[in-house]
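Letters are used for the chains, namely A, B, C and D, taken in the order the chains are written, and counting of residues starts over at 1 for each.
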Amino acid sequence: MKKRMFYQFSLLLVAVTIVLAGCGGNNNKTASTNGETDKATNTANSGSNAEGEIKVGILHSQSGTMAISEVSVIDAEMMAIDEINAAGGVLGKKIVPVLEDGASDWPTFAEKARKLISEDKVATVFGGWTSASRKAMKPVFEELNGLLWYPVQYEGLESSPNIFYTGATTNQQIVPSVSWLLENRGKKFYLLGSDYVFPRTANLVIKEQLKAEGGELVGEEYTPLGHTDYSTLISKIKEAKPDVVYNTLNGDSNVAFFKQLKDAGITAKDLTTLSVSVAEEEIRGIGVDVLEGHLAAWNYYQTTDTPANKTFVENYKKKYGDERVTADPIEAGYTAVYLWAAAVEKAGSVEVDKVKEAAKELEWDAPEGKVKIDGATQHIYKTVRIGEVQADGQFKELWNSGEAVKPDPYLKGYDWAASIQPTE
Amino acid sequence: MKESAILLCDDVTVEFDGFKAVQGMNLKLEKGELRFLIGPNGAGKTTILDVICGKVRPSGGRVTFGKVDITKKKEHQIAELGIGRKFQAPSIFPSMTVSENLEIAMRQRRTVFATLFAKMAEEERSRIDGQLTMIGLQNKADWRAGGLSHGEKQWLEIGMMLLQEPEILLLDEPVAGMTDKETDKTGELLHEIARKRSIVVVEHDMEFVRNFASKVTVMHEGKLLKEGSMDEIQRDDRVAEVYLGKRRDADVSRSTA
Amino acid sequence: MEVFLLQLFNGLSISSILLLVALGLAITFGLMKVINMAHGELIMIGAYSTYLTQNLFQDYLPKSLFDWYFVLAVPVSFVIAFIFGLILEISLIRFLYGRPLDSLLATWGVGLVLQQLARSIFGAPNVAVTSPAWLNGGMKIMDGTLLPYKRIFIIALVIACLVSMYFYIYRSHEGRRMRAVMQNRDMASCLGVSTRRVDAMTFAIGSGIAGIAGCALTLLGPIGPSLGTYYIVDAFMVVVLGGVGKLVGTVLGATGIGMFNTLFEYWTNASLGKVLVFVCIVAFLQWKPMGLVAMRSRSLD
Amino acid sequence: MLMRIQMKKFTPQRIWILIAYTAAAAALFSAPLFVSDFRLNLLAKFLAFAIVALGLDLIWGFTGILSLGHGIFFGLGAYAMAMYLKLAASGGKPPDFMGWSGLKELPLFWQPFQNFWFAVAMGIAIPAFLALVLGYFTFRNRIRGVYFTILTQALVIITTTLLIGQQAFTGGTNGITGYSTVLGYSIGSPETKRVLYYVTVAALIAIFIFCRYVIGSRFGKVLRAIRDGENRVRFIGYNPAIYQMVVFTISAGIAGVAGMLFVLHVGIISPSMLGIVPSIEMVLWVAIGGRGTLVGAALGAILMNWAKSEFSTAYPQGWLFFMGLLFVVVVVFLPKGVAGLIGQIKFRRKRREPNHEGVRNPAV
């Protein structure tokens, strides 16, 4: 009996010490990571300090399943920060990135966002990839009045006063691509997606659009994330005989789908597929041999012909290696940093409200062409591009929208979209 | 005669993947009887104990306990009805203390609700203490049972069984691994217990059987070979042929194990 | 008719993949009672081995030989996964015999480390393996029904693995020792069989087969650090459903799951199909806890 | 023997223990005075995890049943609370995700969740009920050890796939997030957070005491007996299936409570929290802290999560290596975890029995 008790006692002591020391220790640690300056905490919520530094948060998944995609975005954002710092920083101050790992886990994104804002007191955060991670962070940014730059195309139907969306919303990617397909490739659509929010919502939009624009839905299928056998699904597609497979599969599923599609004897000549989640990076993992001739819709390709892109691609390859490729989300992450920096310069401050005000209608020559922030929705004007995969793993642009399209996250400009408005 | 039988195995057959371990075995146990079950290895002695206590479902035949048919009952139901079993290898609960072992074995209401709110009554404690003294472990009540010696574990298990207060005790080689002194003590204890309860003992130790048995059942190849007093058994030619002839082999294999 | 045939083939194909993935587990889990959660990572190692073989061929050998890299990749994957398995057994698994649940947890940790290792070496994104030209295309059995050569190849590969395993286990000297150790460790060691050696070999062979599975999977799916996680649970289901300790059971388990998966997926959709299959497995195990082919034994616990 | 009981009550050790417990409770209650809001929020989350760990320890540490599906029970509790919070935020109208999934009306089963207490009751009842049903079949059919563990994994896959697939009703992969108030108080305000923290501390202490009672009772002894030898228990006359079922249900209910608290602190629940990886991680906390001791399990959860949030930032790659290796080392060489290690150092001389006894799980 004696030993049991004594042993519990020592355990408890350890517990108390850890809880107290742990918490206390944390505070110390935060102070010391504030760098050489202990005054950082005094300038609460400003994100800057007297010594000439501005802290910004970078919050992507560096581990877990989503790291595949997000690590390149971090690279692009870091590159933009380096470039800006090399050119003298913002407001004459250096930008200091604080990296956090979202670990492909949505609650972790929320936790880390909270930490960046309230502990590190960053001026802004660049981060997120999946819709889920953004949805998880959104309440935190709204509660603490932080600022988030989200760099990935997404399903729309959202606009938060504390988030800037530098990726495409539906009317800058999906809607125009569907119209283009209807005009050029055929009326019968087969919707294939991974089972999560983006594909389901995107397909909801597509179905309405097909009804309105004379298309026909011949099938709709969702596969679990990480699904790797598409033989049955391909037979189903064969039976349905669509003109177009509109593909919203995500990540690894794309690899399996395209490899097995080719094995089934179906090439891009036999069946048009258009993907919205396959960019240059993904092509490398799938293999050009299986993807050649298939289509994708984005706002940017590595081959996009603008002066800004030439230097962007060059610098990116110089910094991270010649074998690396740029892609739409990478470019959007890069653009986000520049847009924020420009807004800060214009506002003359890093305070969230002032930056937001200054960002309205701000324009910048991004690698994808001229972009402009839409003040009302905090999305940006983007040019839509449809590309075809070439033998070298790059896209050839088949069509573009000519000018940057005004973002319309709630699809208010489309009559047929009346039924998919949010209920709240 | 018939009404005094407390346990009746009627034409019990057990099959393991086509192999008949027990074939049409009959066994009748009177109240207050101390019965020894012997036979060469593989005769089906342990299997018949398994059938009685519900561990093995017979493919044919019936087992009746008192007036209750227990052939289809589950182990814990059979145990609750009053049949206790001690296995060959000491199976106590090694991470619990000796007195905890006894506490849960003690006869009591065994529902979740009852155990959740059970308070150790004065009477219960004295029963446990009494048992501890009887099995000679009063000084080791707070030891973890896993730390006991082999013989002590055997005793503890017997103690647990006694606290369980079953009407029939099924013992599988209770004196295996015991010293001569311990063996004798166990034998005496069995006789004492048999005054109130019935006991079936499976045993290889012929010395022990000779010293303590009143009635012996011999099994061979899953069947009843002979039943009677030790003298009758020893005089029987068939027993001598199938059992005693092979006994030497059995002893040899046991001594090497 | 076409659809029926094609679906039958698809079901067979999925079964063969499941079987290939589960065969290694059937050995480590079925015979050794070690729950190897890192099995998926051994599959991943096999896949990366294939990738490396491909790269070596690309870089150092004439283009005309490139198509034959896959022939070499199968044994290479086996050997590399075998070596990993051996190291794993010697450094870790041998402490875990008789503690199946602990082996599950510890090997999960190993899996985590191996995944991270792959991520550090090859990077987080998927890598591409170009399948050899002779495996492209398929057999046309009637109009619109094409049986891809890759899938036929995998089916053949599984059969080859099964046959060689059968011969190894039931016909070879080594195999006899292995069975002896798995059935009665003490007795075998008394008879002079080195149980340590047999354990290590058995585990390594199970791992090696996982490597072959990984090699085959490069033909069909993604090759990335998390490759193994997609298959591990399915593989366990196959082994448990089939019944532990019998190869026949594993074959039946894989065929059952593969066929039903295809059927349900065809009737409903991929998500629901998966749910239905798992519900069926859970329900089936309630009915027959020991699986399809149960090994009955008299021993208590 | 009476003496022994008396002794138990008044030994100095017992008094010390009492002081230590009081100190621990005092530290937890006074933490808000020392710690920033953010850290407090984190601590609250860790405490919620500690609650799951207690529940897991009941079944794994004390009964020898390893569930790799506790994420489900945790998650279902969390979902129940999330449904209430989401409805509170949307004012009883269908929440946003239903809109973009094409659902216009609030489904019937959502409606009662407008009531906080109903949600709380469901947050315990749903996981407990699911565990009861699963336990009823599996334990009655004597599926145990590894088979049970693998079965719980199948259950995880079924549940997460369903949750993801039924996006209109569950929010899909995004899960449910975006809350505003709880019982009328703003969920983001520091005051509410502080109150929620105290609620969590109180829940942890209450559940800790409850678990201690369960373990100390004769019921708890039967559980430990089941861990040591399920069959032997049967021959004494207990039906292990019932006991396993009950303790599994209790454990699931506790996980549900933890899940509800988790949602209140973190503000999101998504199917990924129900997955296999979080479920295994929960087991890891218990393993590292020390299975078979309640303090160890709770401590393990707090410690591991604290370490994770500290180190995963600085070394996102290294962290996984570290965690994997830690797992291996602890499971293989320290089967009793940190608690066991401390015990070993302190009482090595007094040990009379081989220390691996009883640690072995009676599986297969």
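Just so it is clear, a residue touches a chain if its C-beta (ideal position, glycine included) is under 8 Å from a C-beta of that chain, and two chains touch if they have at least 3 such contacts.
For reference, the UniProt names are A = Urea transport system substrate-binding protein; B = Urea transport system ATP-binding protein; C = Urea transport system permease protein.
Keep in mind it's a predicted model, so treat the numbers as computed, not measured.
The minimum number of touch steps separating chain B from chain D is 1. Chains joined by the most contact pairs: A-D. Rounded to whole angstrom, the centroid-to-centroid distance between chain A and chain B, based on C-alpha atoms, equals 71 Å.
Between the CA-based centres of chain A and chain D the separation comes to 33 Å, rounded to the whole angstrom.
Chain C has its Cα centroid 47 Å from the Cα centroid of chain B.
Chain contacts: chain A has residues 1, 63, 195, 222, 224 touching two or more partner chains.
Annotation for chain B: residues 55, 87 touch two or more other chains.
The multi-chain contact residues of chain C, meaning those touching 2 or more other chains, are 116, 119, 271, 274, 300. Those residues of chain C whose C-beta lies close enough to touch chain D in the complex are 33, 35, 92, 95-96, 98-102, 104-106, 108-113, 115-117, 119-120, 233, 236-237, 240, 271-272, 274-275, 278-279, 281-282, 285-287, 289, 300-301.
Chain A contributes residues 1-3, 5-16, 18-20, 22-24, 26-27, 29, 62-63, 99-101, 103-107, 110-112, 114-115, 118-119, 130-132, 135-136, 138-140, 143-144, 155, 157, 195-197, 200-201, 204, 222, 224-225, 419-424 to its touches with chain D in the complex. Chain D meets chain B in the complex at residues 1, 214, 217-219, 221-222, 224-225, 227-229, 231-240, 242-243, 246, 352-354, 357-359. Within the complex formed with chain C, the chain D residues making contact are 66, 137-138, 141-143, 145-147, 149-151, 153-155, 157-158, 161-162, 164-165, 229-231, 276, 280, 283-284, 287, 317, 320-321, 323-328, 331-333, 335, 360-364. Looking at the complex, you find that chain D touches chain A at residues 8, 11, 13-14, 16-17, 20-21, 23-24, 27-28, 31, 34-39, 41-43, 45, 90, 93-102, 104, 161, 164-165, 167, 171-175, 177-179, 188, 266-270, 272-273, 293, 295-296, 298-299, 302-303, 306, 309-310, 312-313, 316-317, 319-320, 339, 342-343, 346-347, 350.
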